[in-house]
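One chain, subunit A, links the two complexes that follow: it is found with subunit B in the first and with subunit C in the second.
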Partner chain A sequence: MFSGFMANTWIVATVVAAVAGVVGFFVVIRGSSFAAHALPLGAFPGAAAASLLGVNAIFGLVVFSAVGAIGIGQLSKRGKRDVATALILVVLLGLGALFLSMTSEYAPEIYSLLFGEVLGIAKDEVGPIIGLGVVAVLAIGLLYRPLMLSSISPELGEVQGISTSKMELCFLLVVALVTAMALPVVGALLVFSLMVGPPAAARAFTNRPQVAIVLSAAVALVTVWASIAISYESNWPVGFFVGGFGAGSYFIGRGWTWLSRAYATRADTAVELEHAA
Partner chain B sequence: MVDALLRSVFEPGLFSSGPVHTAAIIGGIAAVVSGVVGTFTVMRGQSFAGHALSDVSAAGGSASFLLGISPLLGFVGMAGIAAGGMEMIGVQRARGRDLATGIVLGAGLGLAALLLYFDATFTSTTGAAITVLFGSMFAISSSTIPLVVAFSLVALGMILVVYRPLILSSVSTELAQVRGVRVRLTESIHLLTLALAVALSAMTIGAILSTALLIGPGAAALRVAHRPAWAIFSAALIGLGTTWGGILLAYDSYYWSSDHRGWPVSFFVVSLIFIAYLVSGRVGARSTHRAPKPLAIEEISSSPTQSTRS
Partner chain C sequence: MIEGAYDLAEDKGEALAVEGVSVWLSGREILHDVSFSLHRGEFTGLIGSNGAGKTTLLRTILGMQVPTTGTVRIGGSPRGAHGAAVGYVPQKILLDPDIPLRSRDLVGLGFDGHRLGIPLRSKHRRILVEEMLEAVDASRFADSRVGTLSGGEQQRVLIAHALIRHPRLLLLDEPLANLDIRSEYEVVELLSRLAEEQGIGVLISAHDMNPLLSAMDRIVYIANGRAASGTTDEVVRTEVLSKLYGSHVDVIRIHDRILVAAGHEHDGLPAHTEPSVWAIGGRS
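Then we have the complex of A and B:
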């Protein structure tokens, strides 16, 4: 499991999980799950386009996810955000259907683009993926204050001169970056699971944003490591475990919220009873 | 001359081709049902749920390959389970709806990954992932037509039963509650109808077109029409037009290049829908000068129940 050819996988998966966990925190507080799902799925035809042109797949993924982010940002200026996301997604997938009909891509290759491939990380992909990850985290670091403000209260942000639509576009572009780097590892359909499950769980455990971001990255790391290990042993697709653990961590978070609330009310009643006595 | 023009639009053999007939019928039915249900979905801001249900129902499709049951059962069953899951963890509340949908979708896609893997391992149908996602309108068996018609009638009937309360609760939950509408029940029925419509179209025309036909026509119609009934009718019409137009173009594209490699029908349908949405924005912006009233308020204020209250 830790032999030479798996080293690339472990390095890349670790970077992907940490970045997805950090960016995912903002996906959850902004309610952008749909965009976080649409960008990876819409970017996946980019790989087909890249193979059609004979360039590196990552390049195709970056271009397609960036086009998707800009498209969603532009369309939602004049119309509903969820409608804009859905339409951009289907347009990109429609293009994908066209490209796929032109290439002679094997079905297993498409399957691994959709659902992830643990063993498929080539040596020349490690560099670009780490580079994209660093850029994404730097962007979040630079945007941290305005992004947080505009996510929690767009009105307050506007008062302080932060344009909501510009912030939205910047954020979508960061999600697009994460998409392009994570897609070859965990697959188009499961990138977003990593960006939604772990941060949702983290939010249930703490109210402090910085702590939640770190916790979210940690949960994402555990999810990915465990998924790869079990996938390696069982030979089942890594996407299944990522999706399952993502949902599982959400429910653990929900359970924790419920428990702590139940405990709080019981403590309150106990105090009241004491006072009454 | 007109004859020559017609012949260049409708390439030879279009009207006598069996697969084209089946595609036109099933695609048309799916377009109409999606247009009607989708108008409500867009009004209620549940596009994500609509798309998620189509993706998750695809997992049911791959399960049916594996179990050897009817695909329709797999698609509808899984969409029903997913809708139930979303309902349980709170898709109806605006807060947290996005997250609840995302969690169900993530779990469903994980399951799809596993089932497709089993399909590939045990039944050596490696193309299942592509068939399920992209669909293939020209490969539908004509024997599915009766079943599709039956399920579509059920979906349309359910919409008809909850039509008024659903419109009310889509425009304003508070208003609906004041009028004594059982909002929760109405919304659950809408979600169930959505699951049915989406499963039906995902099975026949693929997950991409399912989302495109659900959201695109409804969103375009709502930008030009100012009454719900008119919007629903236009959505069905736009859906039908774009689907048939897409089939026609896909059929024609076979003759465009010398090597006779047709372009996929989903590409054309999606492009037409996107164009319709962009055009509707222009038309809608112009017509608001004449009819500034927002959608549905007009309909509600002119309804007979209003007069009993005032």
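Then we have the complex of A and C:
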């Protein structure tokens, strides 16, 4: 499972997991899960459009997810964010149905766009995937402080001159980049689970934002590595394990939060009782 | 002593001057010809019922809302490049308990949240954060997750967040809402002490003036989009408030509490009632 043809798989999966873990931290604290779900689903027809034009599938994905991000960003300035997201998703899916009907893609290829094809990454995709991943992480590093403040409280951000709608747009564009790089690897349906499960778990285990980001990337890496290894041995699809581990880490995080709060309450009560005595 | 804090040798300069400010929103005049001023070291209450225009006035002072007419001066010069000169604690900040963020992280973001990049480990920044947490009595929960703190504790952290760039003026929008009486008292004490110690002008909005009575140097009372300012004794009087409301208002003092009752219809205006001020029985 570490043979030559698998090398690309390990490299690409590692990059995708680390980047999704980092960006996912902000997806979770901003409550942008729906957008992180809608962008990959809306973007996957971009791959079909690209094959129609005979260009690299990643190019089509970047364009589609960026258009989706800008659409959501612009529409949610006026109305509710989830309505805007749903609307953009519907439009992109409509276009998707059209493009898919025009291409000669076989069903298995569409299936792999939805559920990923980590064991069969094309050679010409490795470079662009790593490039997009680096850009996404650099963008998060650059935006870190204003994005953090605006995510904690848009009002506190505005006080310091940070525009809520600009931050939202920048962040959605970063999610779009992650979408485009991760989609050929883990598929449209599982980009989402990788961006939500690990950070949701990580935030439960530390109070330090930067530690949580690193932890989130680590959980995502373990998720993806374990999924590939088990899938290779068992011949079950990678996606099954990515989805399962993603949800599993979410519930472990929730459980930990619940336990530590219950414990903190008991400790507080104990201290009060001691004082009273 | 906090670095850069007000030097008591300086004269008590003007922290804020609002002159003839009117604000129209969606074709309606929200504020009409509002004027008042505020000196450094002074603790001023901005009192008015819900919808009176308190938030609009604070946002205008901050420059987040452009006045239709009138001017705002901060520290003696017109508003403009004064980003750091005004600290602001907005209304109803909800901090998510699920976000991994310590009190000290939030205070640090008050210092440099507008800058790009990841905060570098700097001794200067760390010491400044420690000092701010200490100044608001929040050192105890410096490393706690800020979203899980009580309302009063969160207010302290938000005040430190707003003060870390040493503004000359601190604006707080209903910081006492949703606090229990004890935290209410502690926050008022803290703000009154900070105003004096650091020589900053503090303007705090509230729909009920009673928790502020002991600490307030001055009051700005808004009703019907108009404002009256002065000491509490000058402003909270039947004549002054009746003029503001445009109808007869009774000011009743019971022990050390003040009740404002504006209940008469006049010129077709609907009756104004001040539910929060009516409820004298349930509090204290």
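Note that the second predicted complex is superposed on the first by the 264 of 277 C-alpha atoms of A that agree within 3 Å, B and C clash if a C-alpha of one lies under 4 Å from a C-alpha of the other, contacts with A are read in each partner's own complex, and residues count from 1 in each chain.
Throughout what follows, a residue touches a chain if its C-beta (ideal position, glycine included) is under 8 Å from a C-beta of that chain, and two chains touch if they have at least 3 such contacts.
Owing to the predicted nature of the structure, the values given are computational and were not obtained by experimental measurement.
Student: Specify the outcome, clash or fit, for subunit B and subunit C once both structures are aligned onto subunit A.
Tutor: Result for subunit B and subunit C: fit.
Student: Figure out whether A:Gly244 sits in contact with subunit B (first) or subunit C (second), or with both, or with neither.
Tutor: first
Student: Check the residue A:Thr206 against both partner chains and state whether it touches subunit B (first), subunit C (second), both, or neither.
Tutor: Only subunit C; A:Thr206 stays clear of subunit B.
Student: Let me test your reading of the model: by the given contact rule, A:Ile230 touches which partner, first (subunit B), second (subunit C), both or neither?
Tutor: neither
Student: First (subunit B), second (subunit C), both or neither: which does A:Leu149 touch?
Tutor: second
Student: Which chain makes contact with more of the residues of subunit A, subunit B or else subunit C?
Tutor: Greater contact footprint in residues on subunit A: B.
Student: Mind working out whether A:Gln160 is in touch with subunit B, subunit C, both or neither, as first, second, both or neither?
Tutor: second
Student: So if I take every C-alpha atom in subunit B and every one in subunit C after superposing, what is the smallest distance between them in Å?
Tutor: 8
Student: Per the contact definition, I'd like the list of subunit C residues that touch subunit A in the complex.
Tutor: Subunit C reaches subunit A through residues 62, 64, 83, 88, 90, 93-96, 98-102, 105-106, 109, 112-119, 143-145, 148, 158, 161-162.
Student: Under the definition above, what is the set of subunit B residues touching subunit A in their complex?
Tutor: Per the touch definition, subunit B meets subunit A at residues 42, 45-48, 50-52, 55, 89, 98-99, 101-114, 116-117, 120, 126-127, 129-130, 133-134, 208-209, 211-212, 214-216, 219, 223, 261-264, 266-267, 269-271, 273-274, 277, 281.
Student: Show me the residue ranges of subunit A that touch subunit B in the complex, using the header's touch definition.
Tutor: 28, 31-34, 36-37, 78-80, 82-83, 85-87, 89-91, 93-98, 100-102, 107-108, 110-111, 114-116, 187, 189-190, 192-193, 196-197, 200, 236-237, 239-244, 246-247, 250, 254
Student: Flag every residue of subunit A that touches subunit C in the complex, lowest number first.
Tutor: 29, 141-146, 148-149, 151-153, 155-162, 202-203, 206-212, 257, 261
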